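The first chain written gets the first letter, and so on, giving A, B, C and D; residue counts start at 1 in each chain.
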């Protein structure tokens, strides 16, 4: 199903540099990278024994890159369902992550940046995918968010604890915190420095830290009003974290939930700021917004489609506020200012038991369901005024740029890793084209995307007996 | 490791009839049943090609029978830990039950009566054990307790629900309720009759129903004072349930938690009454106690050893009250009255994450840990004055009698199923002898009890990756 | 404002016997009782110095009687708001009760039967009203419902306890339980007998007991599905309670929440059954319904107006089920069968802080707000098909009959206590007439109903300082 | 009971300057201030018509000053009991505060600094005491802690909300937050500036702000492990708050709960730091401690006596950690470094229902019970090595100094406000002498301290009827 050398001819090329080729193009892929790109017929095919794809009538774009996923569903851990999810898959978290990476890949995301996950499982999945042992989107991972507690701490769902065993709760928190949990906020600067320095040796691809907290209130309190976000680290300590990460040569990204923490992130000129428009329903000050644009500090935005926002508003509660109200205004202002925006979604592989509670409307438009997440992102951003080409770049080149991966990823240019999508339509004219995939190429190889996911861990249906053969008779 | 025909010579025989052989005995087992029993040397061995066991210096007793277990740990579902337990093993409940049945068998319990469990999984495990596909104690099962809700209903741990998915909670409740849940208490008599009649066709071995409720208050409220038990069914409906069960030819047993529900059970002359001394800390009226003895309505008792009771009393809370205080007095009065007592423990295969929270003292003496449960029962009952022979009968013959299985089980008599234990000591002189097992014979076959459990489902240790080979390098 | 001898002339009389006078009538009241009733002009006024009221164009009906109120708001104690309510008014519960009795009186209810309340406070209020020291509807009271726990027990809002002082919670439960709380369900029959016998000496006007439980699940669990009701007492004990109450010469009424407990109440031929159509959403069996009609066992019904039911259904949760669905069907069937129905509402003096959370629609139509409760009852019952005259009797004569007070109350007949309402319209033609009161006469005295309540305890508005004079300057 | 001009002769004077008079002294008080102080017999008494006190054998010290109280019990609001407390006394909070101020005064505290309270009620009480309309310690107040939410927010007991009316919860939060609540942490710097500037016009005596959060987890979660404290404000915003307070001419004090927030407070050179040794069980870095001493930034310490700490440790939970472990070590290090220490206790007028839950040991040694609080402070600090004279100054002169009140308060010097205690023993030799008060003088007037509190609001015993005269007969 795959081949070492590949040529695509006659295609409409949107190469991710912002340009749009004005004639049919040939793309030659060799040894996993782009070997040459030229107008049809202009050059000879350089090798024999090559697989050829007729790209006539198709559009070719770079493989999509999601700047913010949690392949082990992070959203669920903020509310109900976390205990059962983690217990059900304990010991197999890497398989959950692999399934998620396959669902992402099937949908056209050849690369994902996992910005919060259990460190060891996500590293194992990354390794197995990189070694070609299992299929999946290319994973770059951060492990824990420095300064944030585990799934059963006050940062996620402390309310689960009274009905759990302490053993399991503590073991889970320890796995996710990976030594850089909430406790760091209590320590003196130099102790934080030493811990972060140690964490940077653990084969993470980039470091993410919390400037402000998670603003999470457990399931019973969902209907309570807005709660002021707190700062996790003083400016002194923020600087130390950034300094150490720079020294280790890694990108540094932030979690912020207030205008003040956002300002800090911009002052620090971090590489990317997750959900940068979520500011406790406070408008981003104009000066902050201008700073961000001027310094080109990349900001991920998590918008809702109009339809989804309407469904959330009807329900009320914290999710309604996540992308609505002032946060929506923030996003529109940033779009209008041509700000540095990244596509990202916080999406993961949500448990079907949770999905079963949702209305059909929510199911379709929910931005946290991996595989549909980026499609909803395109629709939502478009509704707020973002231009088609800007959106395409925000989901390809710009993510690579923000994370320092532009030498290898993000555009279709000679020498880069050969990740691309052959679409049946033109995504600059019709956003639905993103969902209408003819062929996915990753690392120069054609992906058998129909076969994904290869192993259903999370998504399989549940019955009282896993092995149906035991039940009958 | 097993053999079809077996002879044991020279043993001290305590055959479970109440007698104690005064000379060395020979026991011949053929085709899974006792073929003959005689004083050593009195008869010839009837067949060739027979496996012989030298029983000199050993004591032989019937295989032990536990009148009340929950092979899928029921205790845990009354408090914290239930969500993770059920999620972790969903789809493999039958394997959990099989592991539990193996742990019981390894400890000498050749037969167990499972008085509350998920119906389909326990039936599957029963079938697989009966067909010899997996090892394990012989299981007789009731499925749900008629009138009782599932693990996430008010009868067990409703408090889990706010942090769970409704889908999983409802699916679990449905599986356990098996159509005869709490809702029955709201229905008119004839509707209850029809539902019970249908339930009796579902291949249960006996029927258990709740006369009074579970007196369960979730984890936050454990320290609240005693709460008055309620009646699940009116006397009218109780009679209908018993009537239908008798008509189906099955034994009927009860769950009671008050003196008034106990009186009803005795009036109904049911076959056995679980935890009959648990009466909301109210002394059983003398007339009730006398009724029970006179009519010989069997009552299971769940005592605590003195050491364990002390540990519980120090902690306080509902468990301290379970076997202590007036409940202990009830038990002593019943023992002194030579009442009809059965050995039973409510034990199951507790999750190691829960056990990890317990003190060493609790771990040893806890009556709910299958495999140690009956040993603690013997110690505790002895401390309250029960005689060694009476205890042995309460754990063998009398359980078989109560459940109508005396034709096949409970004693070592010619024609019965050949279940026996060869002990290295004399259990009538030293209770520790019950734990010092030389050989276990079930269905006439020698059990390789060292090899049990054959598959560790619940009891295996947990790490972030189930497959250690993936982790290193 | 009041007068010892009173004459009303020219009025349209609906005397509560079921008759409707066909000519203008004169009613003479003397020494608090009806001295004579005759067609206008037929007799001389018997005394001098008499106050005369011109009743032309008015309608006169007996003072209304509510068969089921909780003057200390019982509804609130089933959910949120109970802690603050009880703490706020502790030490002044009798004043709360008095204010409620005044609100009831102002709305035309000259007599109320308080079927659950703190015993000592309600007795004190009853005494003070009876002695004329404060105004208010005539109170007959039961104190606690025998077998039911206090406001912070599992029968009301156990979930409040974790955030309360144990001292206050226990003190409150003790006050409300008055020695006949939930614990009784755990006791042997003869102990219950002794306790009930003692309780009957405590100057209660009638005894109420629980046959089935409260089906109450605290605030977090409101959205959980239907939960099967349990029985509080065995039939044996039920008979003892009724027997003792009859021996003491008092009426006995019941709390039931299932078809089975309803059947028991009918079998016992109790005097009245509260909320008899609330049966866990199970249709009352036809035979039960026929028994009830045949034996004329009075049943109070708590209906919702169509508008209110719609508002509740939109919200969902337990309150939607209270009067809707099958319960509504039950009520319609009972109306169609000309069953023995009483007007009652469970209403009390709800805290304005709770009312502030309600929509305007709910505020108007809510059946638990004393003073509006009976008006909504008339509308709702009318919507379900009950006839105007039947409704009037259900709110006057029939309540008196059920509770054995017909010699003194319930109709306008010579010799009876002179309680009546002079309405500006005809309530048999327009239900709004019940709210359009010209004059209220209680015990033969004109009530200054505009001045009620004379002291605002619950209903006054709240500010950080009770004494505004302290605040300014 | 009071007199305008007063002379005390023959007393042993400890004037609060650090000196100890070596001969019997005469103190002359006139018009509320110290008119003269001289060795006995050295001068004439300046006026006629003067009240004379024979001070022979007595010790005279300045009136004690507590740097940190919450006259409306703040401790309770962090856990259970808050709802009932606030509901019970709503409308009368100023009376609760007055009672507390009287209890403080009776125990010798002539001045208290209330560092968190409902703003309007505490101002009303302050006014009434200052105008002499009610007795009580002199109150200086801050109102809310800037940046902290109300009693039913996440900073105190959010867990109360599900069982409360939203109306009451919101009203209470609004009263306590006084416009400077938790929301401020979400706002941009200049908006915070404007709000703080406005708050400074509200007649507060000093401003207190939170640098880090309350580390409060509701009642169910008390047993969870340590939780990292968060920062409420960025350094940028901290500077703005201090700047505005200085501009308004008021002292500024801080709430800190971590080493990092403590360092910020020292960098800002605030006037006083409450509970400065509470640092999330992290040792204060040596450099931070040296900064504090060098810059003389006053720190209040809340120690436990050894006996009380033992009782707390036995119980476990968060209170055990409050003054124990590393926090105790912090305090000892600060004492050994002769650091700038203030006496303060967080004490208030605790509800007797809460006190009823405590052991006798806790009752005696509990540091939060106003009236006993400072006595336990002296014992505890002494046990950790603080010298008698240093302790006396920490409870008199140094508090006045920190809060900028040294011109009027803190020592017995000519011209200052005449607040003093005449003790029967020598407090520098025996700490019990602080409790053995002969006479209290405040504002030059003798306080009838036996008569305090003049009105029992909180402390009166509770019965179902406030007016016993209604009950009997």
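Methods note: a residue touches a chain if its C-beta (ideal position, glycine included) is under 8 Å from a C-beta of that chain, and two chains touch if they have at least 3 such contacts.
Everything numeric in this text was worked out from a predicted model, so none of it was measured.
Between subunit A and subunit C, the least number of touching-chain steps is 2.
Centre to centre, using the average C-alpha position, subunit C and subunit D are separated by 51 Å. Residue positions of subunit A touching 2 or more other chains: 162, 220. Interface note: chains touch in the pairs A-B, A-D, B-C, C-D.
Note for the complex: subunit D touches subunit C at residues 79-88, 90-94, 118, 120-121, 124, 128, 157, 159-160, 162-168, 171, 175, 218-220, 351-354, 356-357, 462-466, 470-471. Residues of subunit D touching subunit A in their complex: 147, 149, 153-154, 158, 161-162, 181-189, 213, 217, 220-221, 224, 226-237, 258-261, 263-264, 279-282, 285, 288.
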